[in-house]
Every structure is written in structure tokens, then in C-alpha cells.
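Pasting a structure here, questions to come.
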Amino acid sequence: MAETQSAAAPHKDERIREISSVRKALIRPELGAICGTILVFMFFIAIAGDSGMFAPEGIINWGTVSAQFAIIAVGACLLMIAGEFDLSVGSMIGFSGIMIALMTVHWGFPTWIAILVAIALALAIGALNGYLVMKTSLPSFIVTLAFLYILRGLTIFISIATTRKTIIGGVREAAEGDPIAWLFGGKVFSGLFVWLADMGVVGKFVAGPRAGQPVVEGIPMLMIWAIALIVFGHFLLTRTRFGNWIFASGGDAQAARYVGVPVNRVKILMFMFSAFCATIFATCQVMEFGSAAADRGLLKEFEAIISVVIGGALLTGGYGSVVGAALGALIFGVVQQGLFFAGVESSLFRVFLGVILLLAVILNTYIRRMITGER
Amino acid sequence: APAAAEGERFVLVSHAPDSDSWWNTIKNAIAVAGEQMNVEVEYRNPPTGDLADMARIIEQATASNPDGIIATIADYDVLSGPISDAVAKGIPVITINSGTIEQSKQLGALMHVGQPEYDAGKGAGEKAKAAGVTQFLCVNHYITNPASVERCQGYADALGVELGNQMIDSGQDPSEIKSKVMAHLQTNPDTNGILTLGPTSAHPTLAALDELGKSGTIHFGTFDISSEIADAIKSDVIAFAIDQQPYLQGYLPVVILTNLARYGVVPGNSINSGPGFVTKDNIALVEEYAGEYR
Amino acid sequence: MSDTLIELIDIEKHFGPVIALAGVSVSVRAGECHCLLGDNGAGKSTFIKTMSGVHKQTKGKILMEGKEVSFDSPRDAMEAGIATVYQDLAMIPLMSVTRNFWMGREPRKRFGPFKFFDFAEANEVTMTEMAKMGIRLRSPEQAVGTLSGGERQTVAISRAVYFGAKVLILDEPTSALGVRQTSNVLATIDKVRNKGIGVVFITHNVRHAMAVGDRFTVLNRGKTLGTAARGEIKAEELQDLMAGGQELAELEGSLGGTV
Amino acid sequence: MSDTLIELIDIEKHFGPVIALAGVSVSVRAGECHCLLGDNGAGKSTFIKTMSGVHKQTKGKILMEGKEVSFDSPRDAMEAGIATVYQDLAMIPLMSVTRNFWMGREPRKRFGPFKFFDFAEANEVTMTEMAKMGIRLRSPEQAVGTLSGGERQTVAISRAVYFGAKVLILDEPTSALGVRQTSNVLATIDKVRNKGIGVVFITHNVRHAMAVGDRFTVLNRGKTLGTAARGEIKAEELQDLMAGGQELAELEGSLGGTV
Amino acid sequence: MAETQSAAAPHKDERIREISSVRKALIRPELGAICGTILVFMFFIAIAGDSGMFAPEGIINWGTVSAQFAIIAVGACLLMIAGEFDLSVGSMIGFSGIMIALMTVHWGFPTWIAILVAIALALAIGALNGYLVMKTSLPSFIVTLAFLYILRGLTIFISIATTRKTIIGGVREAAEGDPIAWLFGGKVFSGLFVWLADMGVVGKFVAGPRAGQPVVEGIPMLMIWAIALIVFGHFLLTRTRFGNWIFASGGDAQAARYVGVPVNRVKILMFMFSAFCATIFATCQVMEFGSAAADRGLLKEFEAIISVVIGGALLTGGYGSVVGAALGALIFGVVQQGLFFAGVESSLFRVFLGVILLLAVILNTYIRRMITGER
């Protein structure tokens, strides 16, 4: 009923109140997530402010968890804005991790080749996902649900068939001296933290094998990746032609197609990007912990979707923001770790998460209706 | 003639989800035993670790008329029906891993090869108590599995303290486990004992301790062995690993069932495969085969 | 006025068992408004979709300014200067006016090795173009969902004109519009035509067709019943043709011949 | 012909900050076709939705055959004899014709303590009713998605008539239809009216309104500009009223006054 | 573009081929599932015919598994046809089970009261789910995803807080002699099987305390429940007024609302029915096995959805059949257990499942397009 909305049109309509310009500047997709972030921080400063949660090592702690969520949330966000979603993210994480570990440890490939091959494989699977969705015009829920099972099954099967194990260790040793492995598992700015520790801003270990070193060794590459992907995703979405195509494909694929937007290409690329993010996640994890397990990433697809939805994106596509998704990931990470710092019974975390999700979407829906004139 | 009886088919049903790496050792053991005895051994498990599904698998195994069934008693209530049905159908059953010898007897199984979870946890707790642990952290990466809670409970009981929120629901993602352990240790700096329930939680916990600079300063016990855990034992970060010698839990039942089928001989008593405590003293041999046969 | 922009010759289009077009020929000249009329299911939409690259014809050929062309995607057709405004699918309500206006042809600005969407320019052009069509936007970032139906239609048309379309196709642009909005759209068609653009206008309303049409082609069950120029045919004849020569007599009796 | 079926007095309807109706009074008599005209966003749909129980008026009252009534749901209005056919939402394409026809008022057959959907009867009635309207169905189990737009509209109308509607409301039933289909619908309106049912007909097309209307009410920005009976008003005046008295002069000049 | 379809209309249209009447009689929503069932049975008869899979106890085995899937599939099917879906089914199973066990074992309620209270609780939660979806008009994906987390979290929290365990045993003992417990955990037609065993059709136990009794004790109540729910669901959907309302609510809620269908009531009732089915599942499981665990039902929501989709229902609502869903559950159960009978590496089960799901939906989509004239 598109035509019924003319009252919201600009010209001097006596039948509608004007919206104040302050309010107008405020209402943006990520507003809900911004409010949420502020509330969550206030809450935890109040109840866990003195628990070390906001000391440097505490910040690194929840920062890392949030960064993890953010990496997959960026992929899920762009894909969701393009109008699809991917339930196979979690299985993809497990699959990529095992592939890297298998190639390096079991087959003795150089680590950088293993990583590149894993990324290539992930891109191929993402493309297959997207191709099937486009070709059969089935809902992506079904197609990627099938891949959730297929990939997880293959991962377990391959790792058992080749190594008789479902956890493959020894990757760190194999990766030593590799030209690109540090890009995923390393830490940066160690010098800065030594300096900060000398200045007394950051504490030092007083006992144990690392006495004298700063308590924070450096910024994990995971966070750098998260920030890089967020910046990339944000610019891609809001500042480029391709970003406009992503919005268009998710908003109305047919309309976009008719004005010449290559919708299939856009969507397939977004499936590939989502698989790519999952692989980055997996690679960072494998490089940091030195081992890969076939059950990694379980239910991560939901966590990615939840972050994105908390961040204000619309499940049905065409609307959302990467910054919002990143804030969603931050909320997710802070709540999860914050409850630990606050000493709340840890099984209640899930209850909190569910409640926050509900509140966030209700708030976001309200904001979106104001922006888009939707009813 | 014995030779003619070769090629028996046995089924081993575990409660572990697909991805539980600990069971690889048992899978490897049954492969070895199967080859040595020239029998066929199938490994079955519920994909998500749902015990109700496991009961169906035992029923299925029974229906396929194997020459013997090897099963864990992950939950006596759930499995008593299917296992006693199998026994009643005349299929020899050996129970392994979780469960107690009494339960095994009640089910009519030939014998039990294993180590009860609660007692294993308690054993770990006793060692910890001797080392002066007063406040601990039990990293439970699989809180929905009952056996995991029993281990933590046993540990707490041996120390004589309340379990309370010293057991954390860590989830299975390594980064999250690591972060949660770090968060817990930062907010509970008096913690002087850690129990992890397997490599899934032990590896990130090692990383967490390293990053906190607390490696070696906290009494650290774990279940099960892996190469990382072995290294940590050697470098004094982990005090001990409880090894129930899963290899035996897979190997012995196959051998015993084969001999029962061929010659009608069977030992009269249950076998305790563990608890074996792997410490720095006996690590050398363990290490070589960790994750595959140990 | 008589230079033919695009000529479609003997177009056939089959969808599996359905024969939607069974040989239709139509040409569009610069500066004319060519009305395409016909019953529901006559094949009008299918025909213009073939013209704008959405469908590929099963048989027949398309000449663009005398040269044979083949459109594999809507993009190809757009590049060749054919812009289409669909009835329902013109705009994406969740997106801003600027983003909609430029969708598929975003202006870009170099920035080192990267190319960015040039919002400054895009916004400005959007505002001016919309103003030219008589629409005053609150802001170019306003979501299209907050515009009225007529306004949306106008955004779509002005977009097409701005991108230098040689041929502008409008599929039932007026069916849901009120009298004022309809007048607006018809006036816009008139403006566009006067710029030398060829317009293809689909409608069920003979009055609307008579108001702006220079030539009229009636489709019936996938075939063309011929093309007539303005003045050669009366509204009543057109009406009869569109209804496929049905015995409308008894209806007319009761309804006073005003349908 | 002059017994008033339903009377709506001073209806106001607000949606948050939007005032969609600012005091509209309309009455419908038995056997008349009352046309509701007006610009986009004038409030026509809102008005008839108030009448059919979808919205609850903010102010004003509804009299049904002289007695004040209050509709809390579409069901209440249907029970009272008001049937509505919406432009897009008339039918559910995935469901069979029978299921659609009876939707919300399924006939039931006792079977012991249970009551079942009586398909035998339902199918039969559907076939006869559709035949009465001149539509020959392949089978009553055919999905509505396989019918044409005009046919669907007819199913919706015949359903409303069958269920003994006293007032039949049609919201822009003809906007997407071709000439032949339109004639069909208008003829159906005529048939229905002759049965003594009051019809409310919303359209943007003055010709269609003039063809079947007995009285005409024009809405503008939520207010009524008055009601005129057939013969009291000419098509051109109506046209002017609908456009809200806009300066159409310059447009008309270029377009030949035929809009 | 509804109006473009007139060529498919009945009258003598020269532009379209006639569809043969045999083909017309065949094409029905569950056709895909029927073909699938036949194929699956042929396949397993070929590769596992002599493994005991089709002996009486084998049939009971996969029959029970299929019955389990069927119970939740019926609920999911009706809900999906009504246009919504429920991701909290799995968590609901865990929750109901733990509640029953807690009430009977820990708090000493009579079993029948515990069961009734659990059902009442489930209905309330289902109603809350539905109410939130209707009230906020959020997608049910999000709302029920929130409840997936909330319910699972509560289940773990409650069971640990009250009993310090996540598994609660002893229900069977507590339920002994209860008037309604056997309705869920019992077996029927034992007499028949004794007779069959005497006839030699069914084997007998040869050892232990039950020597001489037939190997199949009876038909488990689980199957009776499954059959009852399928019959109920099928009749409700195809033969009653309410069934028509379910289709209408899922097909187009607005259109249905306008002709007076109480859409909100229908959808909320279907959410409640889905929760009810989950509770029946949980109760049967608890009564049969005598214990409840907090992790019961993990990922069961997907299995229910997969059964329904294999059975030909449309993810977006308004189309499907209970019989199809039941066949979907049968396929699911037979494949899962059949692979065990056939001795296939069990990790490959998921791969099979994913592939079957994909093939089934592609086939179903094709069939649906023929029936509904959709494009």
C-alpha cells in the first residue's frame, strides 16, 4: 500500500507533526546499539567496576571476546543487509580450522600455503552456497542449514579418516618462522605496553615465570583483524557503489535487478565474504591456540546473527549498519565476560543474552520505523 | 574349530558427541584389537551427545544381532532398559568408562572396564587437598553433560568445600574459555587450584595461565592426556593428568568378548582401567602416544 | 520527429509451455509517446521486459538506431539508453532518495587507489533533478518509504531522464495514482517527450493514453493488432480493440457507455 | 431505494501524530452504489477500514440500520453484514478457491461430537456461485494463484454477496485490470446493486465512478467535500473536486483536457 | 504481479498446454516426501536388508526414532503452515523434562500433577512466545531464538541451583503406580507380541531374568502419541474450520484478518501447540528413561524444521501437510538408524542429512510450483 503514505511527504502537510531536527540527527540504524552499549557499560561499571574488568588486562579480556564476535558479525551483517543469511558459519569455522591444521601438521605444507588454500576453499564453499540459493531461489535458511550439517559432517569425517583424531595439535610449532602466520596469531605493540608498564599505567607481573613483564603483552592480532574488517565493511557499505548495491539487493532484489544491479553477483560475493570472515576467525584461533578441533564454532552462526540484529539490522535485508553490528558484538562480549567479572552464576548468561536480544530488537524496530516510514 | 568362528561383529556405543577427541583413543584401540583378533568392531555414538539418542543406538545395535555390545553407562536410568534388553536377548555386554561396577552388575553385564566419574574427580580433589588447595576453579566446557558436573562435584567434596560458582560454564570456544578463565582468576585472585575436564578446556586454560603470568603458581589438575598437556606436565604447569587409560577400555572388551565367543572363557571380575595419574615421573612413555593410544 | 530510436521486429517469447508473445513488432521514434495497450495478460509487460533486457526474446530481433543489438541483462539495455520504470518495483523504500536515484550508476570519486561513492555530488544532483520535476525534498537522505506513490514514480522517471535515456519505458505508472498525481505523471511524460526522448507508455486507461499518446499499439494474446497514429483512431475504437472485440454491448447498455 | 443501511457520522481517526480522518460523514442506502473518490492519501482506505472493523474510530459513531454499533474486529462487521474486498489482499494465492471462498465462515458438518469442514457442500456452493458470476472453474480445488486478477476479484465479490452482505465495500477493484476485466467488475457491481445491496466503490477513475455510481462523495485530506447524487454533478466537476481544486489549467492545456 | 497469470486460467486458452489428469492427481504437497520415503526404503532394503533392520525389533527401533521426530514435527508443521516458526523447541524439551523430574523427584509431587504442571508451563511459554511475536510484529526467528537461549539457560540454572546436577534420575521409581505416567512411558499390545513370539514371528529373550519373554515387549506409547498427534494434526488441518484458518493465517495474515479470521489467536495457539508437542516429547522421554538432563533436545528444533521441510511445507507459511511432515520424520529416522544398521561411518550421517534436505526441497519446490501456479 505504497500510495497511502503521502501524508508523510515533505510539503506543508497540516495533518502531520514535524519531527525535530535533533531527533532526526539521532535516529540512525545503530542508535539502538549505541544506547545498548552505553547502558551495558554503565551497568557493569556499577556492579563490577572494582573487579578488574576495566583494568587494562580486563579490557583486553572482553575486547578479545568481542573482537571474535565482531569478525563473524561483519560478514553476517553484510550478508544480512544483502538479504540472505548463513547458518553454516559455525561449521565453516570448524572446517577451515581442521583444514589448516591438517595441511600444516599432517601433510606438512608451509603454513602460509595452508592458510591460503583454506581461504580459497572457504570462498569456494561460500560461492557454492550463494550459487545454490540464487539458482534454486530457495530460502537461504534451508540451503545453509543443509551446509551446516554437510560441513560439520565432512570436518569430523576428514579429520578422523586422516588422523584418527578430532583435535589436531602442533600447529604453532609447524607455523614457527612462517611469513604470514603471525598475522593471525601474533600480538602487536608489545613495546608500547612495556613502556606503559614502566610508566606504571599497566601493572607488571609480580610472581611466576613472567615476573617483571607487563600484564598485558600486546594487542592480539584478532582485534586488529576485527577492526580492519569493521572499517572495511563500513566503508564498503556506506561509501562505495558496491555498498549501494548491497543495500539494493537486500531491499528489493527484483527492483535492483531491473535497474542493472548485478544482484546475483552481489549476493554470491557476500556469501563468500561471510565464509571468508569465518575462515579468518578460524585461522586466528588455530594460530593462537596451536590446535584445531572439529567441533569449533558450534552455534557461532546464531551468535553472529544475534550481534547483527542487536546492531539494528533487519532480518529480511536492506537495512542495517556494520558499526551497529560491531557494537552488537561488543555488547555481546561485554555482557558475557562482565557477568563473570561480576560473579553471576555463569549459566544465567544465556538468559541475559536472550533478554537483551529481545529488548534490543524491540528498540531497533521502533527506531527503524521512524527512519523509514515503514508501518 | 576356532578359526571358523572368526569375523565376529561387536558394537561399541559411547555417549560422546562426534567431536569429542578423547574417544579417538578408544576408536584406535578397537581398531587395533579388531585387527589383532580378526573381528569387526563398529563404533557408534549420538552425534550431539544426547543420551536419549544413545539409548536408541543401543536398541539398534541389539536389533542388528551382534556377537557382543560394549557400552558406557553414561546415565544408569536412561541406559538400564536398552542394556538389560540386550543382555536378555543373549548378547554379551561389557560396560566401560562411566558408571560403576555395581550398576554394571545390575544390568547383567559381564564386567565393567573403567572408572566412575565422581570417584575420579574425588581422586583429583584428594591430590589437590594434599597440595594445599583451598579455593579452586573447575572449568566445565560441557556443562550439559552430567558426568562433567560429577567430576567437579567429586573434586569439591574431596576438598571439603562447596562447589558453588567455582565451577564455570565455559562453553567450547577456546578464546571464550581462555577469557572466562582469565576473568575468573582476576576476580578471584585467591584461587589456588584448577581442574579442567579434558583437552578442550585444558588447552585454553594453559594459555590463560601463561597470559596471566600464573603458569606454575596454581595447582593444576586435568582429566585426560594430549601432547599439550604432556608438555605442560613436563614443565610443571600441570601437576597431574587423570588418565583412565581409555586404550584399555577399548582394547580389553574386544579381546574378552572375542575369547568368550570363541572359547567361552571370561574373567570373573571387573577391571579398573584407572585412575592412573600421569605426573612428571611417568610422563615419558605417555607422551609418545598421547592422543592416539594414551 | 521521425528518426526511429528502437525497432523490435517479430519478437516471440515463450515461457515453457506458455507463449507470451507470438511475433510482435513495434518501433519507437525520438520525441514520441508510444502507448502500449491491451488486456490483462496480453503480453505488454513481457514485451517491454524484452526491450529492457530482463527477458531474452525467443525469436525476433531488436534494432537500436538501425544496428542490431542483443541485451543480456538490464544493465546492457540501460547502457544502450533504455530506461524502464516498473509499476511496483521502481524504488526500494528502505533506502534514501539519493541511493535510489543513483542505484546501479553511482557516481564515483577517486581517492588514492580507491573509488568512493561521491555523496556530495549525488545529493546535489538528486535535489536539483527532483526540483526540476517539481518535488521539494526534505533531505536527499530521506527514505523513499516516506514519499507518496506519485512522488516515487517521479523519482523513478527523473532518474531515467537524468541518465540520458533515449527511450523511457513506463509500465502502468498511473494505475494506483489519484487524479492530481496522474496529471503530474502525464505532464512529466509530456516534458520528457519534448526533450526528444522516445517514451513507451503502458496503461489500461484509454483517456490517459489519448491524453499523451502519439501512436498506439494494441496487443492481444501475444499478438499485435496494429499501430495507429494520433488522429487516425478514436477513443471508442481503441477501447473496443483493447477489450479484444468482446461483445461489450450489453454491458454498455447498463453502464451508459462510459467505461 | 432510500432506506439507509449504514450511516457513519463525524468519523475521526488518528494514527499517532497523523490525522487520517477529520470528521467524515457518509451514509449508504440499500441498492445504491456509493462512490468514494479522492486523492492519494485522502483517507478513503482508512474510512472504509473503519467501516469494516479493521480500525476503531477515534471519534464519531456508526449507525447500522438506525442502531448504533461498534465493531471491534472485521468479524464483528462481517456478522453485521458488511463485506469488504481489498485491492491486493482479497485472496490467498496458495489456497484453493473453495478454501478462499469460505475463509472465515467455513460450513461445518457434525460428526459425533466433532464438527468438520463440510467440503462437499462448500465445493458445490463455490462452483455454482462462481458460475453465476460467469466464471467456469476447472475445479474448486484449484489454487487461487492460478486465476487471473479479474477472476480473483470476482471470487472475492461473489463470496461477499453469497454471505448475505448488506453492504459491499470495494477498494479500488479496477486499478490493475484491463478494459474487459473492468467491464466485468462494473457489471458485477451493477448486478449486486440490483439485489438491494448497498455498494461502496472506491476508485481514482471518474469514468468508472460515473458508470455505476448513484451518489458520489469526495474526500480531501481527511475531510469530506460533500456528497452529490447522480445527475447533480458532471464528470468534470468531480474531476476538479478530486484533484483538490488544484490549478490543473496548464496541464490540461498540454494534455487536451482528457485526463 | 497477480494479474499476469490469466493465461493459467481455465477457459479455453490456446496459449497453454493442458496438464494431464494423472499428473494432476499425483501432485500434492506430500508427493516429494512419498517419493523420498519409497527411495529411502528401497535403498536400505538393498544395503542393509539382512542386518536386522527389518526384523521386528529393528522396526521398533527406527520406528521409535521416527516417532520422536514426528511428535515435534507435527507441532512445527502446523506452526510453519501458520506462518511462523519456533527455534525454542529443543530448549523447551530440556526445560519440560527437568521440570517434571524436579517436581517428582526433588519436590515430591505426584507424577500426574508434575506432568500437568509441566504442560501448563509449556503452554504458557508457548503463549508468551506467540504473544510477543504478534504484539511486536518481530520475526518469530528472533523472538524464539531469544527463548532458545533463555529457556536453556533457565533449565541449566534451575537444575544446578536446586540439585547441583544437570541430570536428575529416579523419575521412574517416583512414577510407579501413577495413574497417567504409563500414558507416556508404557508399552501397549504386549499380549499381541507374546502371541507373535509364541508363533515364532518375533524372537524371545534367551537369558537373564526375562528369558522367554518376546524381544519386542510392545509398542511404545511414544509411537501411539506420534500417531495420535499426526491423525489429530491432519484432521485439524484438512478437515476443520480451524485448519482453514491455519492455512489462511500463514498464507496472508492481513488478508485473513480482513475476512474475519482471528489470526493472532490462531498463531498463538499454534505456538502453544508446538510447545505442547515438545513437552509430550520430553515427558515420554523422561518416563521411558527415568531421568531428565538439561541438555536434552539440543538442536531438535532444526530436526523438526527439516522434517517439515522435507515433507513439502513452505518455510514462509501457508502451504504444507501434516502427512508430509510425518513422512519427513520417517525418512529422517530411517536414514539415521539405517546408516547405523548399514555400518556407515556415523560422522557421515550429517552429510547425508544435508544432501537429502537439499534434494528434497528442490523437488518439493518444483511440485509446489505446479500446484499453486506460483512463479
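In this document, chain identifiers A, B, C, D and E correspond to the written order of the chains, with residue numbering beginning at 1 in each.
Everything that follows uses one rule, which is that a residue touches a chain if its C-beta (ideal position, glycine included) is under 8 Å from a C-beta of that chain, and two chains touch if they have at least 3 such contacts.
In UniProt terms the chains read A, E = Xylose transport system permease protein XylH; C, D = ATP-binding cassette domain-containing protein.
Keep in mind the model is a prediction, meaning the values are calculated, not measured.
Between the contact lists of chain B and chain E, the overlap consists of A.
When each chain is reduced to the average of its Cα atoms, D sits farthest from chain A. Mean C-alpha position of chain C lies 50 Å from that of chain E. The distance from the centre of chain D to the centre of chain E, with each centre set as the mean of the Cα atoms, comes to 43 Å. The mean-CA centres of chain A and chain E are about 33 angstrom from one another, to the nearest whole unit.
Listed for chain D are residues 39-41, 88, 148-150, 176-177, each touching two or more other chains.
Of all residues in chain A, those that touch two or more other chains are 3, 5-8, 152, 156, 160, 345, 347, 349.
Shown for chain B are the residues that touch two or more other chains, namely 18, 143, 169. Within the complex, the chain A residues that touch chain C are 2-3, 5-11, 235, 238-241, 243-245, 247-248, 251-252, 254-262, 314, 318-319, 371-374.
Listing the residues of chain E that touch chain B in their complex gives 51-53, 55, 57-58, 60-62, 64-65, 156, 160, 164-167, 169-172, 203, 205-211, 213, 215, 285, 288-291, 293-299, 337, 340-341, 343, 346-347, 349-350. Partner chain A is touched in their complex by these residues of chain B: 17-21, 24, 27-28, 31, 143, 165, 168-170, 172-176, 178-180, 182-184, 186-187, 199-200, 203-204, 207, 210-217, 226-228, 291-292.
Residue ranges of chain D in contact with chain E, taken from their complex: 52, 54, 73-75, 78, 84, 86, 88-95, 99, 102-106, 108, 115-117, 119, 136-138, 142-143, 145-152, 176-177. Taken in their complex, chain A has these residues touching chain E: 132, 136-139, 141-143, 145-150, 152-154, 156-157, 160-161, 302, 305-306, 309, 315-316, 345, 347-355, 357-358, 361-362, 365.
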